[in-house]
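Both complexes below contain subunit A, partnered by subunit B and then by subunit C.
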Partner chain A sequence: MFKKVVSLALIAVLSMGVLTACGNDGANDTVFKIGGIGPLTGGAAIYGIAVQNGAQIAVDEINAAGGIGGVLIEFNMQDDEHDAEKAVNAYNSLKDWGMKILMGTVTSRPCIAVGVHSKTDNLFQITPSASSADVVKDNDNIFQVCFNDPNQGIGSAQYIGQVGVTGNDGNLVSNVAVIYDSSDVYSSGIYERFVTEAANQPFSVVATEAFTEDSNTDFSVQLQKAKDADAQLIFLPIYYTEASLILAQAAAIDYFPVFFGCDGLDGILTVENFNTDLAEGVILLTPFVASSPDAKTQAFVSEYQRLHDEVPNQFAAGAYDSIYVIKAALEQSNAVPGMSVSDLGDALKLAVTQITYSGLTGENMTWLPSGEVNKAPKAMVIVNGIYVEL
Partner chain B sequence: MEKIPKIWRENLITYGMVIIAYAVMQILISFGLVSRLVQGLLVPLCIYVILAVSLNLTVGILGELSLGHAGFMCLGAFAGAFFSKVTVDAITFSPVRFFLAILIGAAVAGLFGFLIGMPVLRFRGDYLAIVTLAFGEIIKNVINALFVGLDSNGVHFSLSDRAALGLLDDGDVIINGAQGIIGTPQDSNFTVGVLLVLLTLFIVMNLIRSRDGRAIMSIRDNLIASESIGIHVTKYKLMAFSISAALAGVAGVLYSHNLNSVAASPRAFGYNMSIMILVFVVLGGIGNIRGSMIAAIVLTLLPEMLRGLDRYRMLIYAIVLIVMMLFNWSPKILEWRERHSLRELAGRLRGRSKV
Partner chain C sequence: MSFINYVINGLSLGSIYAIIALGYTMVYGIARMLNFAHGDVIMVGAFTVFFGVSMQGLNPIAAVFVSIAICITLGVTIEFIAYRPLRGAASSLVVLITAIGVSYFLQNLALLIFGANTKSFTSMVPINPVRLAGGEIVISGETIMTILSCIIIMISLTAFIKKTKPGQAMLAVSEDKGAAQLMGINVNGTISLTFAIGSGLAAIAGILLCSAYPSLSPYTGSMPGIKAFIAAVFGGIGSIPGALIGGILLGVIEILGRAYISSQLADVIVFMVLIIVLLVKPTGLLGRKLQEKV
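Right, the complex of A and B next:
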């Protein structure tokens, strides 16, 4: 009987939660309510927390400077545990809160799931880092601040083919190997387009080796195959944790090709217990460089370090830019907080294609109505432990 | 009420709870009293209730520990989503398409439950748990490596990458490896979910009360004794296991048609998910169908209701889970509850009034 009373009490408490969350529609006419969604717990939490921190810095800066046309921003970041279903829950929870604009989601798969709902609501959504091409496909309300995966793959192949990379033997690279994570959307997305584009370029792909998230610690087989195929360059469209292992294991078998990666490699110099000498000469196409002398970047990096005691990565920088892009679009469209979600969505969708924004992750960025960003990729090489622009 | 047999009455209470919950929610929604978060959670709640009830068939009724339930859900999700994606233009009437998708999802998951059950059900207890865990992971990993495309020449398969499919220009990738299936029609809704919950309850509760169900429970209670009276142990084990798998497949179809994409990610279909479903069953009471329903609902709502706690959310959730487990199953607390129950209190009051 006691159990029944407790379960009834529990049901009552839960139904209170069911019923209370819908009375705050009128209160958001005085601020812009911007929601954020990303993994704050679980395996992908480092990306979500970086985005949360980066965005919060931008929000605080804007509010301290008097807001957008005198209107302050309220920012609320919700956890999606890097799961599509939880991301939709987070989205609905933010809608209950009164969100008018969404900065997120951080990762691609949840972003695709949330996109269906934000499209129905015609809610303006800008993602700092969900780079899959499927994120913006068929969704005219979603915009990306990051390069999408296919463009990174094509960009990398064109860079190696057109600009040319000098191998460690002094000759121009002609044999390329690829090691990628077949269980990861980001990695396989870049890999597919890289290989397709490589067919049009004056180098040949001599080995393509895959691993999965269940086998991401031992790369000796893949490296040996690349070595046997005489690859002078290894293309690594992967994240930096695995890349640091690959670099160490290649050195262990006396194999020193040029390593070439995308924005996922950013952060490789911060891996614990990693001999950063091995990263010398690594080339990466990345939009954000924490050591850049640029004043805006330096201000952001020092503020981030002051608050969180670590060097921000490209996720944090992308989120910072996303908030400022929202600000620029709001100013362009003369939007006011009292507008409905859909009206604001229409206004911002148009405005974002009219602005040109220069920030931490790119100069003179513009957006296509399809949602893709238009910016020049930056190729960096690591020399003496810092990124140098090529 | 007296004329209705007790078993029927118990079953009617269970159906009644679902129907009343459905009616109350619909009324609240029509008055605009339900937040969007909760409206979005209604279909997932149905999914987890179906999963918990179906796993209870294996764990509570058959008495075997299975840690691969999410694997069967995954199979159902992909089979159903595959069918819907291929036929989305051919069958434009979505209820029919969704009905067929559910049948296909259930059939595929049930078939694999049968195939996997044949070798696996020779094990018992811990061994069975480990083998089902492994099978669940195999299902997830194979789907992660699978590329399937469709063009005018027919269906193409590959286990390496998208380019190896060799699709023509008119072709479309259906299953894109680890990226899964993107663009399934969103056919799931609360009404269908509740109907499927009722169907699951109907199947499971009728099975328990049937001759076959009594045979299954006799295997749980004493394997040797039931063998000695001529019960075909393998047949009944397989029956319970594959029905349980097929129902998990139904939940999977509901899952993949609730979101517009499905991927065999560890978060959605890994062993963590299997263990989560097992937690529903254990918390609700092994063999207690109504209990697993309530546990599934409470444990799915809880982390969402705790969103206000920000980063401490999952920590608090874990602590609440421990407290609930202790409260429900710790012998000392059961004893304490017995002493402080309302019935006891009522009895004491009655005793006092007599004096």
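Right, the complex of A and C next:
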């Protein structure tokens, strides 16, 4: 008897699911349904939550101002825990919800996995932060607001070589070591192009050391090797969680090189209980700085602080820009919410290459049909616990 | 000079593995089960200290004792609720799956309570670093503390098992559960005691681990837990000196492999050594030969 009741109840629940799934398609024509995917829990949660918060601010602003040509936006962010499989699940449930445009995913590996599906659906996808070159490769429907990894690697090498960085011994840096995560596409993508470009630059790479996600706590060997090789600068194309350990362990062996990183280092000052003195003098190439006097930036930062009680990072800013890029592309193409996913995808793919957008993470940004963005990088240095433009 | 640094770092890492491996090996020796939740008890221990010291402003030494007490309670409770009812179940796989379940439960509970963001752990070790050979060799206070703790724990644990009645009871239960019961030994009580000791050690290991590598998240315990499990198998699971030797060797091989062969292949080297040792000596370095009863 009990089993019968349970199975009947299950049938009822399941069929309701089918009905709701069908019901969504019709009610889709009055709003633009934009989905979002990113890690809201797990090790990379700081990025996903920032993206969610930043995007929501943009959505609320646009809706408060009357929407896009009178059509409001509905935004729905799903968690992927920085996991490719969960990202695809999130994509499918957003499709069931009626998503027409995807803002995401936040991190590269899930983005590549989702890209396979969004390409099949010809769904317009714009990522604020998934910076691997593989994200846009062969996917004409995906666009990046951030720099891609190869460009970050090349940009970093050119910055160290041409602009020059003064080491802690007072001389220009000539010996550089690299510590990267060989199990991560983001990190190894930047690393490869950095080393290639370094060959054309006046400094030499004296040590390249790797770690993997299974051995990402002990960096004593990598640091000892960099120290033995007299590296005055360590290039860290990695995320801030590992970087915070590297900074602490370098100090523990009396080794004080200049640390130079990319956008993954953004967030290092927010690690709970982290001794921010260790991060003094860390240089990072990042497109957004919250302390910039720019009026648009200041408005965004104060709104973000009011709502979430913390200073937004570049992921939040990238997400804010992504929503406005979608808006600009929708206006450019005169799209309406009733269009099918694929028609809307075709219209937006074309429109986004025609617009020029100036936002929080770059002035006069334009997009290539390949999906890459064109904009100029900015170098920041951490002084007294805040980012200062170099 | 670098070589000496590497060996010291390897000893420090290996000592942490050894202390964690003790928990695996003792529980296996007595209850014949793999307690995969052990790694997560480490994380709970570290979080307790982090919460006590950094959030509540507790005295570090008091926090260490609170953390040990909480982990002991947790370990005994897990054994009582999740493992004891399954003892004598048809398949030992059932208990293994339960242990994995407990492990996920603890991780997700910590995610819920403490959040996913990595926290920076303040070192609980008050010793200043020692600089030798004109600053070429720096031995951190954490390294000294870890190696010392490992030695003290090993000596006192061996003495406990050899010299005290509960220790002898543990030996007897691991030899033959049925016979021990017939001799009037409280088997369930002895198993609880084993879990209590193992979990108390896990708390110490967690504090040492996070003091040496100051990063704390709900997943902090899982990888060191797996490495320590390997160390326990490597040394011969069920053997206490085996856990020490397995842990230390694993740490030194990992660091030296990373330094002299390739930093990318560190784990590959560790696992290759494990496979070779197990091929030559399937019970591990100090493991006893088990007579399979049919």
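Here is the rule we go by: the second predicted complex is superposed on the first by the 377 of 390 C-alpha atoms of A that agree within 3 Å, B and C clash if a C-alpha of one lies under 4 Å from a C-alpha of the other, contacts with A are read in each partner's own complex, and residues count from 1 in each chain.
The definition used in the following text is that contacts are C-beta pairs under 8 Å (C-beta built on N, C-alpha and C of every residue); 3 or more make two chains touch, one makes a residue touch a chain.
Predicted model, so just to flag it, every value in this text is computed and none were measured.
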Could you say whether A:92 touches subunit B, subunit C, both of them, or neither, answering first, second, both or neither? first
On subunit A, which partner touches more residues: subunit B or subunit C? B
Could you look at A:271 and tell me whether it touches subunit B, subunit C, both or neither (first, second, both, neither)? second
Applying the touch criterion given at the start, work out whether A:334 contacts subunit B, subunit C, both or neither, answering first, second, both or neither. neither
Quick one: classify A:41 as touching subunit B (first), subunit C (second), both or neither. both
Quick check on the superposed pair: does A:384 touch subunit B, subunit C, both, or neither? Answer first, second, both or neither. neither
Between subunit B (first) and subunit C (second), which does A:171 come into contact with in this model arrangement: first, second, both, or neither? neither
Thinking of the overlay built on chain A, is A:252 touched by subunit B (first), by subunit C (second), by both, or by neither? second
Touching A:209 in the superposition: subunit B (first), subunit C (second), both, neither? second
Going by the contact rule set out at the top, does A:224 touch subunit B (first), subunit C (second), both, or neither? second
Doubly contacted subunit A residues - partners subunit C and subunit B: 41-42, 182, 210, 212, 214
What residues of subunit A sit close enough to touch subunit B in their complex? 1-7, 10, 14, 17-22, 40-42, 78-79, 81-85, 88-93, 95-96, 109, 112-113, 115-116, 132, 134, 182-185, 188-189, 191-192, 195-196, 210, 212-214
Could you please specify the touching residues of subunit C with respect to subunit A in the complex? 2, 5-6, 9, 13, 50, 54, 111, 115-122, 129, 131, 135, 138, 140, 213-215, 217, 219, 223-224, 254-255, 258-259, 262-264, 266-267
Per the touch rule, the subunit B residues reaching subunit A in their complex are 28, 32-41, 44, 141, 144-145, 160-163, 177-180, 182, 186, 255, 258-261, 263, 265-268, 294, 298, 301-302, 304-305, 307, 311, 313-314, 327-328, 337, 340-343
Touching subunit C in the complex, subunit A uses residues 41-43, 45-46, 182, 209-212, 214-215, 217-218, 220-222, 224-225, 228, 241, 244-245, 248-249, 252-254, 270-275
